[in-house]
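The following block contains the structure, expressed as structure tokens.
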Amino acid sequence: MHGYGRTTASLLFLAGLVVMLYALFQALPFGAAPMQVGQEIVSRAPGETGAANIVTAILLGYRGFDTLGEVTILFVAATAAGLILSGAGAGDLPKAPGGFILKAAADLLFPFLVVLGAYIILHGHLTPGGGFQGGAIMAAAFFIPLLASPTSPLNHSTAALVEGFAGTAFIVIGLASLMWGEAFLTPFLGKGTLGDLFSAGSLPLLYLAIGLKVGSELAGLMARIVEVGGKS
Amino acid sequence: MSPDALLVAEYLGRALYGGAILLIAIGIYAMVARYNLMRVLLGLALVESGVNLFLVAIGFRPEAAAPIIVGGVTDVPMVDPLPQALVLTAIVIGVGVLALAAALLIRVKETYGTLDTREVAKFLAAEPADAAPAAGTAVAGTPARETVNAGSAS
Amino acid sequence: MLELFADLVLMPLIAFLFGLVLVLMARRVRAKIERRVGPPVLQPIYDIVKLYAKKTQISHGLMHDVSIMMLLGGFITAEIFLPVPGLDGLAAEGDLVTLVYIMMVPMLGLALGVGSCANPNGSIGISRALTSMLAYDVPFVVVIAGALIHYGSSNLIDVVRIQQEGGVSTWGVTTMPLLAFAGLIAMHGMLGKEPFELYIAPAEIATGPMVEMSGKYMGALFVMQCFQFYTVGVLYVTMFLGGGEMWLTFLPKVAAVIFISVAITNVFGRYKTEDVIRWMWRWPTAIGLVGLAFVMLKVN
Amino acid sequence: MTSGANTLVLPIVLPLLGAFLLPLVARFGDGLARALGIVLVVVNIFLGWTLWSAVGTEAAVTALGGFEAPLGIVLYGDRLAALFVAVLAVGALIFWPRAEHGGVKAYTLTLLLVAGGSGLVLSGDLFNIFVFYEIVAVASYGLAASSGDKAGFGAALRYLVLGALGSSLVLIGIGLVYAAAGTLNLADIARLAPEKLSGTTGLAAFLLLVLGFGVKAELFPVNTWVPEVYAAAPMRVTAILAGVVSKLAMVVILRLLVLVFHDPAAISLLMAVAIVTIVAGEFAAYRASDLNRTFAYSSIAQLGLVALALTIPATAGILAAIAVALHHAVVKPAFFVIAAKWRGPLAGLAGGARVAPAAAGLFVLLALSIIGIPPLPGFWAKLVLLGGAFDAGGAYAFAAAVVLAATVVEAAYLFRVVARIWQPAAGAKPAHFAFSDLSPALLLGVILIVATLFVAPIGTALSGAAASAADAGSYVARVLPGRM
Amino acid sequence: MIGLLDTLLVLALLTTVGLYVFGANRFAGYIGMAAYAAMTVIVVLVGQTLSGGETAVPSAMAFTVLGYPMTWRIDGLGWFFALLTTGAGFFAAWYMSGEWNEAQPNKRIQHGTLALNVLAMLLLVSSGDFLSLFIGWEIVSWAAFAMMTQLGGPAATAALRYLLYALAGAMALFAGILIVRSATGSFAFEDFAAAVPNLPTATKWVLFVLFTAGFGVKMAIVPFHLWQAPAYSFTPGASSSFLNAVSARMGLFALTLVLIKLMGPALLAGMDIAYTWFDARSALLWLTAITMIVPTYIALMQTDARMLLAWHGIGQGGYMLLGILVGTPLGLAGGLLHTFNYATYQMALMLAVFAVVHRTKTADLDELGGLITRMPFTYITLLMGIIGLAGLPPMNGFVSKWMIYKSLLNTAQPLLLIAAFIGTLGTILSVYKLIHNIFLGQLRLEHREVKEAPLSMLLPMLTLAGIGFVTGWMPGLALSMVDIAQSALGIGLQPHHLGGVDLPNGSLNMLWVVGVLIAAIGVGALIFYFLGNRRWEVSQYDNYAGGHFLSADVRYHFSHEFYPGLARVIGPWYRGWVVKMERGLQTLVAVLGDLSGGVFRFAHTPFYLLVAVSLGLLWVGLFGKI
């Protein structure tokens, strides 16, 4: 395991892997995407979901359940990280303040980022972007001030509150359709006009929940790492 | 579809798949041949990127548009939207895993004082305090005296 | 029924009397070879009478006595199951295998008796005796197995009948000479003669099994020797020399068999235990196995 | 797609909902959070049971979001799924985390594990399976490190790196499948597989999927995380991971085999992996230095048995896989309960029978069952497995011979421990068991004995479940009624 | 519908439970005696039903699991072994009823495990198909294991070895019954018996090997013999004698069932081994020949009385199997009779040795001697036992050996006969050493005050020896029981009368043989007592020393290395090949274990994954369908 033996062996196997993966991928018909399901979705999505962005239609409609899982993974990761880091000696070392420029810039950036994030979330069903992207920007909005002034930590309980409610909201929206005898996550509310802000039924609501949840989770997660990471 | 487009598609395909494989290979190399856990994690991130690139590349069609309906026009050829959705999910999953990994990394460094995989492996292997290696040499032996004669002349 | 009863009485009696003759013969032959005069004719009887008449009859406990009874009882039983001319006795009720096993009873009796005498020399003697029994019995069982396969019957009456109906050409010694030869060697070992008399070895272990035997105990051993000579001789004659058609030819055959043994014994020294085993397991056994192979070829 | 089938989603979303709410509920006290978690797990048991009794041979299918089958995600609830939903919940109930190992966060992760695991077995969509697989994986990474044990972090990180790499393989595999078949719905793939996935691409996809899912399913050689994690994680986590979670990955492989990959080459690949897993596990266990590792290796071998069972054609194989998996799910957690108290080198166990007769007796019972001694349930599981193997003949007979030989090794290391336990103590005595320490294992022991008594009805029930799980045609017909 | 068999099994179950609960009671031995006696009575009743023309007595117990039916019923063969089992249980319980009981700290376990073993064996012998046979088999194995380990001590170590052998055998068996099911579609005996002649030769061979190995392990057929002697001899007390007498015979039961009843000797004889003169049956016959010789000569070298007897038990098993495999009615009767006879004298022997151990606290043949004066009745038991074991008249061991020899002669197999004889010769040497080193020679100083074994132990011993004598004198008594067993095998019965068997080419009538022998010994006694002077009993130590100094203060007993000359010749032949093979196997497993363990312990996990993926993809590329 020591010396160059492993490197050599790794390189050999790696070379083999590369060759074989390449052979494998070359056998795939590139540019002739199968489009079995894809084509059908493209043709049916506008009618069924009312979302102009077909990727969004898939994410929230056809594969909405995946998205729930995805959100959950972030939540799991955040919880697990919290669990793992809970024993670490957080914040017993004084952290260097970020300085005035950084602080002022962060304060300045905050509203812009929040608004941008909200915009991207709300237009997720119309344009590229959506809950995740927006949520990430939102998280950045809360995370940047933390980097600028490490001494004022993020309010984790608020984040958790937002997180919890957002997640609950997603599921409750999903469960709501059960009451009408429909399957879980069946879109409701009117589909509206394709391309309008208030269209695509409940999908934007889901995106909102996702955005809030992703934002709070990412912020919490990174904040935790920073809090502990400052020490070691 | 124009022959040009097909040619472009072929080269693009090679480039995209090749790039994906390269990313994966570099990532795996970092994970396999490097001893620093941080690099292992970076390698992991590379592998994930490579895989995502591969997934996106699957959905490519020459001369097709992004899967967003603009102005109600639905009959333009669009790239397969499904892999894009998948990749979006996969990216987020990767982020979560990496974040957790980072958290673990911090604890590993804190606990063992090192990020060297060899040291960590040594620590793990040595964990059962006085691991008696000879725990099973003699499964069953008769008391010494009897074994002498327990032979066979056959 | 009466005839059977007569058989049962007569057969051991004849065995004892002719055994005395055989013992006498052995001693006289030995004397002749050593250029001595040798004992008088009645010397075996004198010996036995003297021993029984001794005043102190030292016993080492009940088992010692019982062993003497087993000794005599075993041989008497053997005589009864061994057919002789005109007297079949109970030979039909137990076969050659039974006989071989019955002949082990006196051996066991002796061993137990000697053991209970609590003399280490006796125990060593018995250890050697049993070891040499293991040595000579291996070729012996090869011979027995071959003979039984050859005759197709283990009933000694049948064995005798088959040989007598066909005359000398069907005698075991002509139909299976190798087995007969191996049998002779095994028998020689069975009689405990040189070079196979390691268990007596007076210079080493004070005569071994006999060390605590005196008086009538020793006398019983003398009687046993008579029986042993007779039994072994008759067994050999029955298996290989046509058995007994009439006493006049039968007894000389028995005597001749014993004579061979006592005649050659004097030219030998004494083998060590290991050598007895090695020798017995090598030569007579090999000869016997070759003989057995011939028998099997003939049978199939 | 009856409206009743819509409740299929509940075993997934209710624990999920609970998990989201738990941090909020915890503000009103950890006890409340704990209670809520336990209630939800019990509800899941109930849901599993309901599903079991509701579906006979006809599985329940629901298309989520109302998007019909190949387009959206479907959940497919047959008896197999119901069974594992219930088993997972029962496992989580018995081994609900202790407050000292992570508190509310551990409760949350356990609930998420339950949700993810239920999704894993219920989902009928390849990518959706991957998502749930990741939920389960990430939750278990977190739980694995939750003991605060020093070795825990290193072990968990090793687990995570391997798991993440495995997930990447799964993703490549899914990519290959999608590139070839153009769909992610399992039934749809099943429909298209003979045409599109019978070649090299399909085989490669299968390889990648098996290696990827194999990380959780403890298949050799991607199971190297097992001994360290099981040794370092809190006992309750180890019990759930070894007992139930590893089986969920097997259920996925089962679905793949039944529906998609019928290629004999794929089968023989899995068989080779299974045999190596069995051998490596049993032999490594033979030389393991403490109880925890012994059981960890043993659990590897047992999952090798499950994998081997999956390769056996037709219902027999699936029945065997379910039987072995269920049996292991009962036995191994109980073993880990014992190992939790009896740590350290095996030599230190001498005198255990004196100190803790109940634990020692239970150990023997469990060992007998796992070796496969009649009339304990382990025997019937092995009977079905080996019977199927010998019926199939050829390479299967060889595999069966390996299993039988491995069983002897298994007995050697288990009963070596038993002999140790019954020896008089030399030096320090092994730990004493309080009733509460041993009670989960005792409960499992009772389950084992009850199962022995009712082996006939259980066998019948499992046969039914296996038969419906093995019926690929009915799966496709149920999910894609219009597209046959 | 509760039949006789159900009553029997329920009674055995109740006894087991009862003795496990109340075994510490001082009356436990009597409870056990009563229970086993009742069981024996039931078995006898079953025997009456069977000899009345029924082929089998069924049990109401039946299960169907996973579509496999399991049934229990007892036929003649099972009945025979059931009788041995309950009888041995009875004598063991009797032995443990009095003083023994008071001396034992763990009598509850002794009584409980004994009852458990009886129950397990009854279950086994009454199994009605391969599945119930296997279940019974496993239960028997583990019951024996429980008996060995629960009492701790050296037996536990030996038991571990036993366990591995037994389990390996059971696994072979498991494979066997599953192949049977695959080949015939069911676990039923009848289906197998009907289908086996038409199976492919390879399948027949596989089944033959698996069943022989699987059952042979329990019988300790060479080369699976290493475990038995230590495992059986270090189990304390009456339990050990029970194990010795009947436990290993369960292997014989199963072998007889499968090889003789279901497959049949003719079928085995038809399975030729290419390029040799052997077929399946003769190959196995030679294995039994080796089993008769090798363990016997290993026994000869033992220094522990229990080990010596246990090794002989293995050799004796060879005789039984030899007779049974000969496959003629005479051979079968001989083999089965030997099983019965062996049970009587082996149990008597073990009980006697344990009586000695009970009194002197040692079974070391180098540390005993001269006990004949202190324990005369134990001596008598042991004497009768060894005469039986050596197979000399007038004990019953002779009759069965005679029948086996005779069957070999009648089928013209002289080499096997020679092998059997050689085994017997070794036995004679060995048993003489046993009785000599314990009872003859000079009494050791520390044993001067040893008392005779108590009546509660003497009576069962003497009764067993008596049974051995009576069935030696009148073998017809035992042969009529053998008849019932033989009638279940379909080979035909051996005609017999009270004194033995009549054959055209050499008969045996033990009534005469024993009668004459006893009468002749009586004549010897007459000669001894009425001729010559009265005997004068001297001290045992009043010995002639041939000039050496011997005194009564220092006791001399020639017991250590009793056969030095023989040991010098055959000593080098004890190469311990089987031991070396066993060690080699252990080492192999350990090395493989370290290899696999090393993979995990020094895990560089991503590397393994890389290797696996690369190799896997290579494999896909090479073998995948393009």
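Odds and ends about this structure:
Letters A, B, C, D and E mark the chains in the order given here, with residues in each chain numbered from 1 onward.
Operating definition for what follows: a residue touches a chain if its C-beta (ideal position, glycine included) is under 8 Å from a C-beta of that chain, and two chains touch if they have at least 3 such contacts.
Keep in mind that what you see is a predicted model, and the values were worked out from it rather than measured.
Under the touch definition stated at the top, chain B and chain C share these contacting partners: E. Inter-chain contacts peak for the pair C-E. The greatest centre-to-centre gap from chain E, using C-alpha centroids, is found for A. With chains reduced to the mean position of their C-alpha atoms, the one farthest from chain B is C.
Averaged C-alpha coordinates put the centre of chain A at 105 Å from the centre of chain C.
If each chain is reduced to the centroid of its CA atoms, chain A and chain D end up 29 Å from each other. Annotation: 73 Å between the Cα-based centres of chain A and chain E.
For this pair, chain B with chain D, the centres built from the Cα atoms lie 22 Å apart. The residues of chain C never reach two or more other chains; the list is empty. Residue positions of chain D with contacts to 2 or more other chains are 127, 131, 134, 138, 141-142, 145, 153, 156, 158, 161, 165, 178-179, 184, 200, 204, 228, 286-288, 412, 416.
Within chain B, residues 24, 28, 31-32, 40, 54, 58, 82-83, 86, 89, 93, 96-97, 100, 104, 107, 121, 136, 139 each touch two or more of the remaining chains.
In summary, the structure contains touching chain pairs A-B, A-D, A-E, B-D, B-E, C-E, D-E. Touching chain B in their complex are the following residues of chain A: 1-2, 6-7, 10-11, 14, 17-18, 21-22, 25-26, 28, 30-35, 37-39, 41-43, 45-46, 52-55, 57-59, 63, 66-67, 69-70, 73-74, 76-78, 80-81, 84-85, 87-88, 127-128, 132, 194-195, 214, 218, 221-222, 224-225, 228-229, 231-232. Those residues of chain D lying in contact with chain E across their complex are 158, 161-162, 165-166, 169, 198-200, 202-204, 207-208, 211, 221-222, 224-228, 263, 265, 269, 279-281, 283-288, 297, 319, 368, 371, 373-375, 379-380, 382-384, 386-387, 389-391, 393, 397, 400-401, 404-405, 407-409, 411-412, 415-416, 418-419, 422-424, 455-456, 459-460, 463.
The residues of chain D lying in touch with chain B in their complex are 127, 131, 134, 137-138, 141-142, 145, 150-151, 153-158, 160-161, 163-165, 167-168, 171-172, 174-175, 178-179, 184, 228, 231-232, 286-290, 293, 344-347, 412-413, 416.
Against chain D, the residues of chain A that register as touching in their complex are 24, 27-29, 33-38, 40-41, 44, 48, 61-66, 68-70, 72-73, 75-77, 79-84, 86-87, 157, 160-161, 163-165, 167-168, 171-172, 174-175, 177-178, 181-187. For chain E in complex with chain C, the touching residues are 370, 372-373, 383, 387, 390-393, 398, 402, 405-406, 409, 412, 414-415, 417-418, 421-422, 425-426, 428-429, 432, 435-436, 439-443, 499, 504-509, 512-513, 516-518, 520-525, 527-528, 531-538, 540-547, 550, 556-559, 562-566, 568-570.
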